[in-house]
């Protein structure tokens, strides 16, 4: 944490020159404080991981590796397996990001590069308002508005045209994986948009001017700006991805909560976050609780892996160098 | 500029934290503060009770939070709350693992009902136990199945696919429903069993009573189980169920209280009893008690006395608020037995009941 | 050749405009639905009163105060810490340590809030033996930190090197450069991160259920349970009563308005004045 002005006195003299040489120079204190804060977050997460591992030890001992590939989740019989939940979490999040990223980029580009300021400001506000809606409300809206709408108007034509693909077989009830992915996409769009907007605005005007001076169209200029901001955009998408993976309330109200692995996107599914939220308060019995906490642990790990993969993917795509003057 | 804003925020923050130096817990004034939590099913009634009781005793502040029956049991065991409420009685193992003896106090009755969305049918449908089991086992997949037809000979059933909706979250409602199914269907008992989080063979999972209700309301040709209030308040049809005596019974206050009254003789001393599939000509077969859990030995005399007084008020005067909120009142015999139970709550050996 | 480029330009402009108007349309649909459901329950009493049993009216006054208190406390810890860590990652975080911290921060965002709630429950509530506002704030702060961290890092990284180098060349120590040059330049972006965190946290139910618990009274003490808007909305929404459902929608409107107001205030104070 940046210290107050008082650190000046620690140097003895008022001069800041050559202060790096002293052990307690303001630079070193500054670096140390920031590093300490960063370490704090590691400590917190480490504490969480330790507590979680301890509490899930019973389940780890009981099921071992089989927990990760087990497909049965039966609390009454004491059989627990995480695979359908891992599948549900990953697929619903991927759907959400696939829908939300181009949408958010489109919105951000429009707001920053193309819309006149008078439209861009209020529109930007409105988009950010989407982030203000609590997830419970998203879930309720999904049940009463989104699901019936999709069931009546969107899913049937989808099934008639693309029904030969395994993704679109089955009976669309409106409740299922696809709807879950869509509501997640709506929820993460404002997050990605907000960050990408800031990132795009931070790209220096000189970049745009240079491109325009060379005769580029608006869109071509935008492409250059996007390339410049690619790291920030990647960060925004990862923020959104994280949100999608961990989202509980809205998803659990609309995804059908059936622990199964099914190719069809119309079928119900179950995510890790949903099962934890659904069953944690009512879980009695040590093995049951332990299994649920092991799910938390797995969610941690899944988030790690998916985030890492996403980063690798995005960074390899945007390997074009950005040199911000 | 940046610094100034940050410093302002930090100062305000410190001021707020400083206010925390004044504790609300340690004997501030003479308000008696009690916290309860648990069953979300009983929440509307509890809110009414704590409010009405608070009007009669202005120095008592009782808070009740609906965090689920399991949550209520857990928090009582951890002693973070003074009383819990649960739709499912604690198991022997659970009771043993509690720090001290916990008493079950039945306070009200509820009913789990079958509700469905079948636009073409306007008559009330009837269901026999075997049919219900087969539906939830996934063996009945169409509405015009022979078994449903047999229960409803005069109804023109559509030839539509049948979708089951069940609870995805752990819940007392599921426990009561599966308890009933386990009693009437050996196949269900063996395949699925009973509990708060059963692994249903088929169907969509909705979160909470309201999630199931919402899904059934919005999706055609569905059937599921919910607490009575949710079906009635959402104007959804409720099925008649054949009880042990062979009669088709519609759930209402009379039939639910009847189920409890008929089961008094089977009710053990600790008052933990299952009311499903009750004997009795007019008993509704899927009824259940809601229990309040408190420690027999109360550490704080004043809090304990207030709790005892509150619960005594609840099972007597409080019962008149039941029906308007769609709960069924306790049968008279049970009120007597519960009163005796409440008298056992003591502090340092001395009973805390004043009357 | 030029024609093709102009065509592509036109197409992309139209597409992005469609995206933007589409998203705004979705928002208006959702907001419209919420308003339609809840507007009839909005009233001055609704904003002042405490919750009452079914049929007796009641409101969310204590929940509003509770949410703001919880948010204030959480933000006091969460936002500065998040900015600090984000700054660390942007300025000093190129090594292996920085990579680990960045990774961990990213993953923290994906953890469902209920996990933080349970963690704080085990660490704070069980140790103290009671539910408290403090525990609730801690849980919320934990949720805020990674969001603020990541956005701060991305924005601070984009501050032009020239600004930093200029200040350093003038002899300013590193912390000065950050405090007086870099952070003010990044303040709108940091504000975005803070607002995203605030919006997220004001709408979270699960972490508060086991920490701050909930109450139907006005409370100000840190060691007592505290009502909050998302918990109250949740309680109203899961009941069978239409009257309470309407209140849930009305409370949502109030919540969204609250976030909007905070957003406007923060945006105004951190606007770039040049």
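A, B and C label the chains in the order they appear, each numbered from 1.
Simple rule for what comes next: a residue touches a chain if its C-beta (ideal position, glycine included) is under 8 Å from a C-beta of that chain, and two chains touch if they have at least 3 such contacts.
Everything numeric in this text was worked out from a predicted model, so none of it was measured.
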Farthest-lying chain, centroid of Cα atoms versus that of chain A:
B
If you tally contacts for every chain pair, which pair is highest?
A-C
Counting only Cα atoms for the centres, state how far chain A is from chain C in Å.
15
In whole angstrom, how far does the Cα centroid of chain B sit from the Cα centroid of chain C?
34
What are the residue numbers in chain C that touch two or more other chains?
80, 179, 209, 237
Name the residues of chain B that each touch 2 or more other chains.
67, 71
Which chain A residues sit where two or more other chains touch them?
140, 144, 277, 281
Touching residues (chain side chain A, partner chain B) in the complex:
72-77, 139-140, 143-144, 147-148, 151, 171, 173-175, 252-253, 256-258, 268, 270, 274, 277-279, 281-284, 288
Note: in the complex, chain B contacts chain C through residues 1-3, 5-6, 9-10, 12-14, 16-17, 19-20, 22-25, 28, 33, 35, 37, 40, 43-44, 47-48, 50-52, 61, 63, 65-67, 71, 78-81, 208-210, 213, 227, 229-230, 232-234, 324-326
Please name which positions on chain A make contact with chain C in the complex.
1-3, 7, 16-17, 19, 25-27, 29-31, 33-35, 37-42, 44-45, 47-48, 51, 102-107, 109-111, 113-115, 123, 125-138, 140-141, 144-145, 186, 189, 191, 193-195, 197-199, 201-204, 217-220, 222, 229, 231-232, 235-236, 238-239, 241-243, 245-249, 273, 276-277, 280-281, 296, 299-300, 302-304, 306-308, 311, 324-325
Seen from chain B, its contact residues with chain A in the complex are 67-71, 73-74, 91, 94, 161, 163, 168-171, 192-199, 203-207, 211, 214-215, 218-219
Name, in rising order, each residue of chain C that touches chain A in their complex.
5-6, 8-9, 12-13, 15-20, 22-24, 26-31, 33-34, 80-81, 84-85, 87-89, 91-93, 97-98, 100-101, 103-115, 118-119, 122-123, 142, 145-147, 149-151, 153-155, 157-162, 171-175, 178-179, 188-189, 192-193, 195-196, 199-200, 202-206, 209, 230, 233-234, 237, 248-249, 252, 255-256, 259-260, 263
